[in-house]
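Letters A, B, C and D name the chains as they come in the text, with residue numbers starting at 1 for each one.
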Amino acid sequence: MRAKTASLIVALVGLHLTLLLAGFVAPCDPGAQDRDLPYAPPTRLHFVDASSWHLRPFVYRWSAGPDGYFENKRQSFPVHFLTGGPAYKLLGIFEAKWHLFGVDEPARIALLGTDGFGRDEFSRVLSGGQISVAAGIAATLLALLAGSIFGIVAGYYGRLTDESLMGATELFLSLPWLYFLLGVRAFLPLHLSPARTFLLLTCVIGLIGWARPARLVRGIVLSARSRNYVLAARSFGGSDVYLMWRHILPEVLGLLLTQAALLVPRYIAAEVTLSFFGLGVNEPVASWGNMLSTLQQYSVLVSYAWLLAPAAAMVVTSVIYSILADTLHSRLEFRST
Amino acid sequence: MASNFPGSERQGHPLLHVQKLSKHYVRGREWGKSVAVTAVCDVDFEIHAGQTLALVGASGAGKSTVARCVARLERPDSGEIWLDGTDIARLNSRDLLPIRSNIQMIFQDAETSMNPRFSAAEVIEEPLQIQGASRSERRDIATAVMREVGLPAEWLKRPVLEFSGGQQQRLAIARALSTRPKMLVLDEALSSLDLSTQAQIANLLLDLQSAHSMAYLLISHDLTLVARMADVLSVMSDGRIVEMGATQQVIADPKHAQTQRLLASARAAESKFDLASGASA
Amino acid sequence: MKAIARLTLLVCLLAGVCMAAGPSPEKPNPGEELERAGQVSGHYGGNLTIGGRAEPKTLNPVIATDTVSREVIGRMMADLIDINRASQQTEPALAKSWKTSPDGRMFTLQLRKGIRFSDGHPFDADDVVFSFAVYMDENVDSPQRDLLIIDGKPLTVTKVDQYTVRFILPRPYAAAERLFDGLAMLPKHLLEKSYREGKFVQAWSLNTAASEIAGLGPFRLKQYVPGQRVVLERNPYYWKVDSQNERLPYLDELTFLFVGSEDAQVMRFEAGESSMISRLSSDNYNLLARERDRMRAQLADMGPSLEYNFLVFNQNDLRSKKLDAVAQKQQWFRELKFRQAVSAAIDRDSIVRLVYGTRGAPLWGNVGPGNKQWVNTAIPHPQRSVDAARQLLKSASFSWNQAGQLLDSSGKPVEFSIITSSSNTQRMKMATLIQDDLSHLGMQVHVVPLEFRAVIDRVFQSFDYEAAIMALGGGDADPNPEMNVWTTSGTSHLWHLHETEPASPWEREIDQLMQQQMITLDYGKRKQLYDRVQQLIAEHLPFIFLATPNILAVANPRVGNFHPAVLDPYTLWNADELYIRTPIESAAAR
Amino acid sequence: MSYLGRRLIRAAFLLVGVSILCFLFTEMAPGSFFDEMRLNPQISPETISSLRSRYGLDQSLVVRYGRWLRSALHADFGYSIAYNAPVAPLLWSRAKNTLLLATTGMLLTWLVSIPLGVWAAARSGRMLDKSVRVASSLLVSIPEVVIAVALLAIVVRWRVLPVGGMTSMDDEGLSQWARLQEIASRMLLPTIILTLGESAIIVRHLRASVLEVLDTPFVQAARGLGIGRMRLLFRHVLPVAASPAISLLGFSLAGLLSGSLLVEVICGWPGLGPLILDATLSRDFYLVIGGIMLSALFMVGGNLVADIMLLACDPRIRTGALDAR
C-alpha cells in the first residue's frame, strides 16, 4: 500500500513537472516548421556505427527518397545533454536557452517524428500537454465548484428548489452543445490571445460539465442533510450557510475529490472535440486536442502512426489520474466506515 | 399567569410554558391536495427551573414532536411556547439565535448526533461558535464542561469516533452545557445505552440539574428511568396529553387507560428482566 | 467472425455480377435520331456503386442546389447542348444542331426526333418551352434562373415547330450555347400539374415514386433507401448509341451510397464496396497510390483543377458598420505594396508540396494551368523572396522594431487574423504555412478556423474579418461565370462588395474588359480581352492567389471507359459509357 | 403515482425548455441555409433573399417559434429546407435505425458489464480485477472519436468486417436470414464502439457498489450460512448493488443515444447522426431542431425508464422519503 502510494505520487509529480518544464525537456521550438521534413518518422538513436560502440547515442539526418525517408549515414551527430538550443520561456517567465538534450545543426532530433509541417512532435506533445492538462484541471475545478454549489443547494433545500435545479441540470444535459458552441464562437472577437482562448476553453468545458457532478452531489446531500448531527447543529441555531459549509460540504468533499480525479482526463479529452469546432487552441500553439484532430483524417491515421503520440500521452495521464481516483476513493471509504 | 398544572405549587413564573401547541405534518401530495397528519394537538404544560417533566407514551404518540417544537427544530402550527418570558413559537431564526443558548437538546443516539469528522473540542464548541463566541472563550468553556461531565480535558483533541458509547453521551451533554442553558430537552437521551452506563449518565444529569438548577424536558418510554428522574409525568396518546401529575402519584394511581397500558408493559418487561438477571446470577 | 465477413464479401461479389437485372435496352428504331458516341465500346451489364459524401436532398433538377443532389440528378436528366468534359467544348445533346444569328442574339435549336423520356413518353419542343418557363418563373426561385436573365432581361423561348425551338437573347452573349449545359429538360406530362398548382417546389422529392419521375438521361430512378442509397437503373430509351450501334448506357444499375465523408469514401473503396471516387484529396490519393499493389486501383491525376484558392484582404466599405478595429487595418490592406509583399513572401511551392503532396499547382493569377484555353501564360511567376517583400514594405514606409516586429508608418505593429473554414483541412494547412511565412516579415498573423457558414457569413454579410482564405471557381472553363467576381457590381466581388463606382482605374478597366468580352463572339478577341483582365488582377492583387489542387480520381480496375475530367462532374460525366469489365478483360487492361 | 406524475410534468417542461433554447441557439449560430449559394457567382443575392423569405427565415424568432409550435402540434415538426419535406417523417425513417443500434448497444453493454463488474468486485485486487480497472480507465480516457476512428481503420485495413451502411446494395435478393446476418455484421462495429465506451463507465460503478455491498453484515452472514458463491453474488448482492447502477441506466441510455449519433457518423450507419450533422452544418434549421428534440425526447425517456425501474427496486422513493421533506 505504502509503496503503491509512493509510486503514484512519483508518477503524478513526474508527469506534471515534465509538462511544467516542457521548454527545457523538449529539444525544439514546438512551433518551428521544417518544410523539408513533413511527416518524418521518429529519429532513431544509434549506439553502434560502422567501427565501434558509443556510450553517447548519436543520430543521422533524414533524407527524402522516392519511397519516403531514409537515414543519411554520411555524417553522424552525437546527442548532447544539457545543451544550448532555441530560446524558450521557462514557466512562462524566465528566458532560457538550455535544453535537456539536443543535437547539432543541421541534424534534428525528433523522438516522436514530425507532423505535416515538419514540427517536432515530441516538443509539441510536451508543450501541448501544458495547455491541455492545465485546461483540464481548471475546467474540472470550475465544473465541480458550480456543480457542488448547485448540488448542495438543491439537495439541502429540496422541494421546489431541488425540482427546478434538477430540471435545469437535465436541460443542460440534453442541450445541443454543437449549436451553442457555434453561436458562442460567433460572438467572440476574431482572434483571441492564447490566455483568453485557454480561459474560454475552461469556461466552456466547465459550464457544460457542471450538471453531472451537481446531480451526484445532490444525492449525497439529500441523505446528509437528515443526519442527526445536522439536526443537532440546527438546534444550536446554525444557519443554512453554516450547516452547508461545516457539515454538508465535508460530506461531499470525498466525492468531489474522486470526481476531480475522474474528470480531469475526461475534460482533457473534451478539448479534442472543442478544437475541432475552432474553439480550441489555435495554430501554431499546440494542444493535445488540436494535434489529435489531424488524426481524424484517415490517410494520416493509417500512414503516420507516430502522430498518435498525444493519444498515448493522454492515456498515460488518464491512467495516473484514474489510479489516483481509485486510491482516493478507497481512502475515503476507509475513513468514513 | 394562573396555573393549575402539577408542580405549579413552586414559587414564581415557570421557566417554560407551553400553551395549545399543535403541529401537523404534510405527508406527500395526492393530486395537488396535501394530506395533513396531526402529530401534536393542543398540548399544554409548564416546567419550572430545577424541575423535570417527563413525557411518556407509545411510539408515534407525538412526544418527539413536542420536543422538537420546544427546541424549535420545528415551527409549530399554532400555540405558544414561552421560554423565560419570551414566546419563541413564532420567532424567526435571527431573533431565535440568542435565545437558543438557553435551551439545548440532547438526542437519542449520541453517536449520530455528532459529526464523525469532528474532534471532541469541535463538537463541544459548535454551539458556542454558532453563538459567535471567541476562540479562547470557547476553549475555556470546553475544558470546563469536559470536567463537569467527567471526561479528561486532554481528550478534547480526540476525534469523536474514538469515544465509547457512554463517553459520547457525556460529550453530548457537555456540548449541551456549553452555552450554560436553563433548559435541557432530553429526547430519549439514555435509551440507547446499556443499563450501567444509563445509571451513570442519569446520575450525572441529576447532579448537573442540582448544580445549575436546570429544567429538564425528559422524553422517554422507560418508566423506571422516568420514575427516578421526573418530578412531573405526563402521558401522551395520539398527539394529546391524556394524563398529567406528580410522578409517584401517576404511577401509583394511573387514571387513563393509556397510562395503565404503559405501566403494565413496563412491569412485564421489568419482571422479565428480573428473571433474566436472576437466572444469570 | 471471419466466416461472416467472408460470406458477406462473397455475397457482395456475387450480387455485383449476377444480380441487378435492370430493364434491357430498347433496340434502336429507325424513327429515332440517336447520337452516336464515336469511338466508344463496351458491353452490357453490371452495377456500379459510388460512395457519395452526403445524401441527396431532392431529385428536382430545378431547385437542387447541393452538389450531391445535382450529381445524382445529372445522371437522370439531359440538357439541350452539353459541354463535353473531356474536350471542354460544346456538343449536341437533345438538340442535334443549332444555328446562331449573325448578331449572336438568336439561337435556333433543332431537337432530336423520336426520342423518349425514361417512361417512354416522347419528347418534343413543348417540353423545352415548359422547362424554360419553370426555370424562369420567379415563384420557383430556381438557382439557374439568374443564368437566363441577361442585363436584367430574361431570354425568350418560342416553339417554331414540334422539333424546333428558338431562343432570343436580350443582347449578344458570348458562348451563349454554354448556358444550356446543365439545364435539365423536364417532362411536361409529369410536372405540369404540380407547376400549375404552385407546388412545383415539393415535386420530385426523394419519396416520390419512381414511376412519377422521368428524364432524358442515361439512367432513371429505381429505389431510394433513406440514409443509405439511391439506386438508378438503365433508361431503356436513352438517345445515345455506341460505335456498334448498341444503345447506351452499358451499366444495368448505378448506385449512390451515402457514406458521409471523403475518408469514408476511401474506406468503402478499400473495402471493395464502392468502385469509384470522384474528387480525392491528395492525401488519400497518395495513400491509395502507395498501396497500389494491394488495392489494384485505377488512379487518375488529371492535373490542375479550375478552382483557385486565394487569400483575400477585407477592403469593404465599413463606414456603416461598427468595425473600427478592422477599418484601421484596412489602410494596410488597401496598400498595393503591402499585398505585393505578402504575395512575395508566401511560399507557394511549400503549399503545393505540404498541402497537396505535390499534386497541385501554384497560382499567380485567377486562371490556372488547368484551363488551357484561357490561361494567360505571360503572367510572371516570381520566386518567393522575403527580401523583395521587405523592400516593398520599406518603400511603403513600414519599419521594424528591435524585436523584429513590423510596424506601420504610425508605429502600430502589423497584426491581423486569417479566417478559414475549419472543416477544410487543406485551407487550414495553407493558413498555418502562410502564418509562418509572414512571421518572417515580422507580421503577427492569427489563424482563426471557423465553421464554413460562419466564414461565409463574415465574408459576405457582416464583413467582420480581416483576411480570409477561400476558393472560388471550378464550374466552367469559360470566363463568363467569372463576371460576378471581377466586375465592381458583381455579387462575388469579395474584397469589396457592393462597390457602387470602381474604386480605381484598373477596376474600371476590368469592368469594361469583362463587359466587352461578354458580347464579343470571336474566341481570339475574347482571349485577348481576358488576358488583359488576368494581367490586371495579377498586378493589383485584390486576391493573393495561392494554389490549385489537381483533380484526382480513383476507380476499381474493373470499371471500363474511366476517363475523369477537370470539370464537374469529374468522373460521372460519361456515366453512359462506363461499363464493368470481366475479370479477363481487366487482367488484360492491366 | 404522484411521483411519476411529477416526473412526467417535469419532462414536458424540459422538452419545452429545450425547444426554446434550440431556437435561441440556432438564432445565435451565424449563417443560414442559403449562404452556400453565395459562393456560386452565378446566383444573385435577390434569388437568395427571395428563397429566404419563402422559407420564412426572414421572420422574427417569435414568429418562427410560434409557427414551429403549430406545426409540432400537427406532428410535422417544421419543414426541412434542404429536403423540401416535413421534418417528422424524415426523422422517423432514420430514428428506427438509431434505436436499433442504441438498444442493441444497450443490451450488449449490460450483458458485458454486469458479469464483469460483479466478477471484478468478487475478485478485487486480483489480476482480473486489475485488468478490468486498467482497461476501463483507458477506455474512459480516450476520446470516443479516436477509439471509433482507430477501430474503423483497423477493421478496414484487415478486412475483418464490412463497414458502413446497414445492408449491402441489393438486399432484396437475399433471404430473410441472410439479410439479418448482413445487418448484424454491419452493426457489429458501431455496436462494439458504443459498448466499449459505455460499459467502461458502468463496470466501474457496478464494481464499486458490489464491493460496498460485499462488505455489509448481511452478506457476511449469508456467507456464514454457506450460500454458494455464484448464488450469493447474483441473487443476494447484485439486486442490492443494482440500485445505484440503475440510476446510471438513465444516463447511459441517453448517453448511448447521443453517443450513437457520433458513432453513426463515423461508421456510416444510416441513423439520425449523419442526418443531424449534415443539417447542422448546412443550417437546415427545423431539421436540426427536430433532431435535437428527438434526442432530448430519448434522453427524457431514458431517465423516465430508469426512474420507473428505480421505483420498482427501491420503495423508499415511492413514499417520497428520499425526495420530499
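Points to keep in mind about this one:
One rule holds in what follows: a contact is a pair of C-beta atoms (placed from the backbone, for glycine too) under 8 Å apart; a residue touches a chain by one contact, two chains touch by 3 or more.
Quick caveat: nothing in here was measured; it's all calculated off a predicted structure.
When chain pairs are compared by their number of contacting C-beta pairs, C-D comes first.
Closest chain to the protein centre (all Cα atoms averaged), using per-chain Cα means: D.
Between subunit A and subunit C the centroid-to-centroid distance comes to 42 Å (mean Cα coordinates, whole Å). Inter-chain centre distance (subunit C to subunit D, centres taken as mean C-alpha positions): 38 Å. Separation between the centroids of subunit A and subunit B, computed from CA atoms only, is 56 Å.
Residues of subunit C found to touch two or more other chains are 267, 451, 454, 457. For subunit B, residues touching at least two other chains: there are none.
Of all residues in subunit A, those touching 2 or more other chains are 182, 186, 296, 298, 302, listed in ascending order. Interface residues of subunit C, counted against subunit A in their complex, comprise 263, 266-267, 281, 283-284, 286-287, 290, 347, 350, 353-354, 417, 419, 422, 425, 428-429, 431-433, 435-436, 446-451, 454, 457, 464-466. Residues 1-2, 4-5, 7-9, 11-12, 15, 19-20, 47, 49, 54-55, 57-58, 60, 63, 65-66, 138, 141, 143, 145-147, 149, 201-202, 205-207, 225-229, 231, 255, 257-260, 264, 267-268, 270-271, 273, 423, 451-454, 456-458, 460, 462, 470, 472, 475, 481-485, 490-492 of subunit C touch subunit D in their complex.
Subunit A contributes residues 158-159, 162-163, 167, 170-171, 173-176, 178-180, 182-184, 186-187, 212, 222-223, 226, 262, 265-266, 268-270, 272-273, 292, 295-296, 298, 301-302, 311, 314-315, 317-319, 321-323, 326, 329, 333, 337 to its touches with subunit D in the complex. Residue ranges on subunit A touching subunit C, taken from their complex, read 31, 33, 35, 38, 116-117, 182, 185-186, 190-191, 276-278, 282-284, 294, 296-300, 302-303. Across the complex, subunit B meets subunit A through its residues 71-73, 93, 96-97, 100, 104-105, 107, 109, 112-117, 126-127, 130-131, 179.
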